[in-house]
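We call the chains A, B, C, D, E and F, going by the order they appear; numbering starts again at 1 in every chain.
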């Protein structure tokens, strides 16, 4: 029958010192897993969609840990590509407090996913019957062969009539804006749905606008997209942020908005990925307005949970979208 | 000679994931004990009164843990009713951050305390010489037999000339407002002191007022009470609250107020219970003004301590009531 | 196509103090999940079979935690029965050292699984295409309705031609030997495979023998079983045990034996369950000799892993069965 | 009415690195409290006697922690002498493994207890109605004024007809054998009960014997004691010890023995203190044979519990004395 | 060649309960080391200067821990004075939240450093070639002999032409303002650089001013100083502070200012010490403006790191001084 | 003046799950650093020699952590080669229990040290005045350029008259026996001191003997060595090992032996490296007999400490070599 959403990307083991310690001070590290597209798959599954994730992993305890953590949330892992070679990437997150920003140290070079080759994923069976194929700008940036594999997946989705969703997610450590522009343009030409920020849009495509809506409209026009959603974060401090998003649709001059949330930040990593998952849930079920609302709702809650993943339920998202207050829930 | 304050209710083992984790994410849980009336007894004992707590517990390691933690603060446990049957209730606390409220999951059904029967507590010896008998709206809500046992205690106190103090503490999971009204009215008719919130008062008795004072006056009149204290919490966020209380006395048109505290919340569970304990300490020693001040002072500090219990000393309460600043205390 | 193995029983949240602490001393508890039949399903899945687990759970964070931990190992949870009522059982494990034995405190009464009713599980779809349906003597002991539901499952399996496997697992806190005998006899009359110990066999059925083989033969004869496996533990101390098993088959006078392992015990809870999972893996793939070997191999490794579950891989089991030594594996 | 047993000595805050770390490696320290006579009082209270402990403490969080931990076990603290001066002693325990022995680093100089003065304890009210007054060779070794206060307590007990119990407990860091002999002789001349080891007896009094019984008889004769108990430890390794004791009584030529236990050591600190507590419990209730049995039983279990204190119940002690095996207790 | 900066003072083992626990509640304590002058030496070394620290320590695991932690940051320890006597001081830090201030409990009496004697440090070799000798008002306050040893060091520095830097750091538990004034005046008469706060200046010297500049000028005049820097903290709450500093120079009417930082406080202990280290780094390399900027920059970051020490790099300090925002650093 | 011992190799960040968890189960990892030659340098420094370590590291928090941990023990890091490229290797250690062996998962490919190039280390200044230059068979196995750099160091040492010490340390994941033989032969031809095991000797050089002495003599003859030491481990179980070593010297027919230790294993990783450090200490100070004794003594204690490094002092090593028993050290 196929999964509602199939995502494709790299998942790493994530290591973070507790208690605001610097990495250099660490005597113990909390262990989790994270990666943009896996985070998105988990968010859609938490809300009730059927989701699958596709990646390439080394057959060792770290690779099994990644698979376990994906399965834990009910996301299908049966299209994983396993290898005895290469490595599982790791990254280290330091949690800061003003004026010290959070920071991330990646150790992902030469990972099994970075070394994926076209032809290794059975796209036909992975995508058959799916509603959406989702990836982000990180996946093709991992390596030239990963870019080819991504384009192969995009083409397979297009052929199977599966809608393509993309999170622009520009990573300057992986490629230059110029490289990103070249590859992401090819992907976006096939895509229907784009998640991005004003800043990434400017850096990768040089597109600027009078306001967020203007940027969204220009993106719709540039790539023939169906819908563009832009997330907005204000950082009054490391522990307190303001968070919301808007979305626009081709052929519809309305701007769809979600409530604005004042967040007390436990862990903001993965917020954009959860937004994508919530958006896809709402969009597939009810349309663009539900998309932007569920996207913002689940990603607001995500930032109150430690780890890349969102552990909220749909009921909990509904409650904050309905403006429930801060009394103890008993 | 008797204890200054004797409280009666259920104490559970409290389990909470550290580091803002969801319960679903927990790999370890912090262990403590908590229960409204025990919390109140501990607060009075911390401040210097002699306190006893009465409950019913299963004779197993969890029951012993509860007794240990009560004794740790010098509260007398010699009137505990022990059984080989039933169970020790547990509850799970999740600490949130805006927009995620704290939440509590109770697993207390069929506990030894819920199954207490009238006649099991030796009220005569427990209450002889006491100044105050205190319970809350949670105790009679546990079960019909617990309600009977509570009324039995209330009547014994009345007969022995022991002043009765009640915290309304409405719990919607345990009974309906209608049930609460029926039972709590019977208790309050015997009581002298009531702690409540505007919201619980409205839900249980349908009593509303122009302001807090008005609500307090109506309660005094409705039940022939000696004094009513109302705690006030404003929630600008999960981590930052504003906290104070007022009290009114029968035959006295003054409103007694305490300082207003801007709190950075470590753990707000048990704040109202600590207020009750502080109020009783101040009220028994010096009168209503001291009551509301010590109530607010100790409950403000309680919210900076992890766990249901307040670990402050009277000196520390005095210092914040005197407006001491936030320099490091050396 | 159906799963290779479908198991049925209760899974609880397991809480254990670290560092050999008494429960009464605990300030934190390690969190895991455990339950005999789930443990068995996980063992079969770790080794490579397709496994499903069937249970009834309350729809709350603890219930979701149970489902997550089952899915984490790739065991199918799609036939779980969910309810808004009842509770998720918990149990507390204390780890000892000689002369203090390990101990377990159960708090499982009135759990969602104990309150399961016949008719709630869709046995037809759960068992269709399965090779083995497995349960243990704990499941029917939970309550009369759980016993009925178990018998319903047994009958459905029999009708669908699915082989029935049973672990005798007598629990004296749940029922008397007399009650156990009555119900387990009905189940075993339909069963093909039985896992037991000499002691449980004597207690429940009053069956004794000259040696383990003799006990196994008597069980085969009494219930018309295909195969009986008996696990053997010697306890020179709490931290050092000797562990093995034998198996016998109807119409075959050979005794099948596995290597004897001298164990350094990290956590022996769940050893018998892992044995069952390993036996089913070997038996379905290769026959009785492989059954007893994989059963002992995986359960020996299980006792070196904290938690009820075995985290070994088939390669690791093969290595210890092949007599690999204790050099550091690099 | 008085407590069954009143003990007198110093209690310190105990800090120990987890996981066999060296102190020099520690990034966190487990916190407990310990001190020979307090440990003994807790052991008697765990078994069911009424116990009180007398000490001198500084009024600060560490002093309150000590009082809390004593009260936690139901031991009376109402005769504590509180001061605003001096300090609470600390000690650091490193747990080893063969060939590295456990080690203890004391930081107890100038503690409130070392600075106790005669006249500060209200011996009359502390000892009135007591059956036994217990102290150890550590208390008078703390300082000359502590020695005077100890002798004052011994004299008060003698005058009130309270039996005096002493644990020889020689500490070479606190005083020389010569000093110990002078002071301990004065105390033992008033005492009825002595706990010691062969080694300490030789070091302090130069008394040696053909066997343990011979040593015990010589001590009885030398000081006119009623009963002497000698604990015996064999150390095949740090993690595995053999443990038992014998006792002899004046005017009775029987040697009373307890079972010999093969111990897996979690924490041996406080074993001798628990022996004393168990002995007093058995001796006061049933006589010398019960004394040595309960002494060995509770001290064997103590060594399986982390911390100086024993957390066993009387039932648990009975079970190991009855030879219960090592199956999981469910 | 000599170290750029040589500091002199006491370092203690620091113990702090995690998770905002009260010390009285602690079941584990985080371990670190701290002491004003060591903290300052580490800050200078982190930024790139060559630093040495001089102290006196007991030769035991705690003393070695202190040396290790100093060496860990590349600070030279070869002039430590080691003894087999005395003790290593400890202190306990409780982290609060409004309205509960952070608090510190010292247990430092009779430490090896408090018992240092003149003549024990080889000042000639320790200071030869150094640019700055730094100490604080804590060192001479430890004991009369420590005061003499400090003055000995100050005189040696003066003779060797090493610039003397002092942090006033008044500690009311160690000496009276009167005592502090007498000794600190002698030291300041030889000094070039002074770090202080408005409050300490008033308490020790009775010097007040119209504003911070005025206070600084009066200090320069009173003691013939080259430069005075004053740190400024505003405490809107325990978790949110505002932090900056100013500096003035003899013969220069400019006031040198640093950016003002809004801090989210993880651990403010040691902020002033880090300021001193940053100031010396900037001042020695570039002059007074760089001094006050690096002082404020590194001490702002210090308050986001747990422990007394600053773990920032010079790049990180530069980035916040350059006004980098709060995006995740990847 | 030069350091007594200069070692050269790779140091990685070491991550290990606590509590015997499988890596796949880990929710937190203990952090340490380890690497054969660094471990050896630390062991020599702990015993009192002056030691330096040479490596190549990436300039990031993990690289700084490595440097910090080396400096913490007083080992000189001033000849580290720093780069902005490459990565710091990591490895994961799982602690087992019989029949599960400990296991190590390396993630070291493409580390800064594997990418070291000849010419990057200033051998002249690093080795000038040194007594011994030590490396192991791991360093040249890292990569061809690392092999060249190692040979460059060996040649520089030979030219400067610095004695060369080698630990054979064969790692089958890094190179084949054939490759190892080719390179190690070149190194050993210049070396004076070799540490090895019987098994590695057989695998790399095909050298076998009647007994350990015979193997040692053959190695001395084959490479013209001055001394060969062979460590011997017997593994009755994972937690209990027997450990000792022998050494032989060219032109001396005596076999030098150390005491045999029965070990309770806390962490055996790094035992051989500590042996090397202890041997060099004893050998340089007193000769071959002291070498083998200090080697075995410090490496026996190492196995009782968590982490790769030995935290013993020389006093502690002396005590176990003198046969001190297992009483608590107070």
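Before moving on, here are some points about what is shown:
Methods note: contacts are C-beta pairs under 8 Å (C-beta built on N, C-alpha and C of every residue); 3 or more make two chains touch, one makes a residue touch a chain.
Model, not experiment: these values are computed from the prediction.
Most remote chain with respect to subunit C, judged by CA-atom centres, is E. Listed options D-E, A-E or A-C contain a single repeat of the A-B interface, assigned here to A-E, on the basis that more than half of the contact pairs agree by residue number.
Remark: among chain pairs E-F and A-F, A-F carries the greater number of C-beta contacts.
Between subunit B and subunit D the centroid-to-centroid distance comes to 39 Å (mean Cα coordinates, whole Å).
Averaging C-alpha coordinates per chain places the centre of subunit B 61 Å away from that of subunit F. The centroid of the Cα atoms in subunit D and the matching centroid in subunit F are 45 Å apart. Annotation for subunit C: residues touching 2 or more other chains are 18, 22, 24, 27, 64, 68. Here subunit A touches subunit F in the complex through residues 15, 18, 22-24, 26-31, 60-62, 64-65, 68, 87-88, 90, 92, 94, 105, 107, 109-110, going by the rule given at the top.
Residue ranges of subunit D in contact with subunit C, taken from their complex: 18, 261-266, 300-301, 304-307, 311, 316, 320, 324-330. Interface residues of subunit B facing subunit A in the complex, by the touch rule stated above, are 19-22, 24-25, 96-104, 106, 171-173, 235, 237-239, 268-269.
On subunit B, the positions that touch subunit D within their shared complex are 64, 67-69, 71-74, 77, 313.
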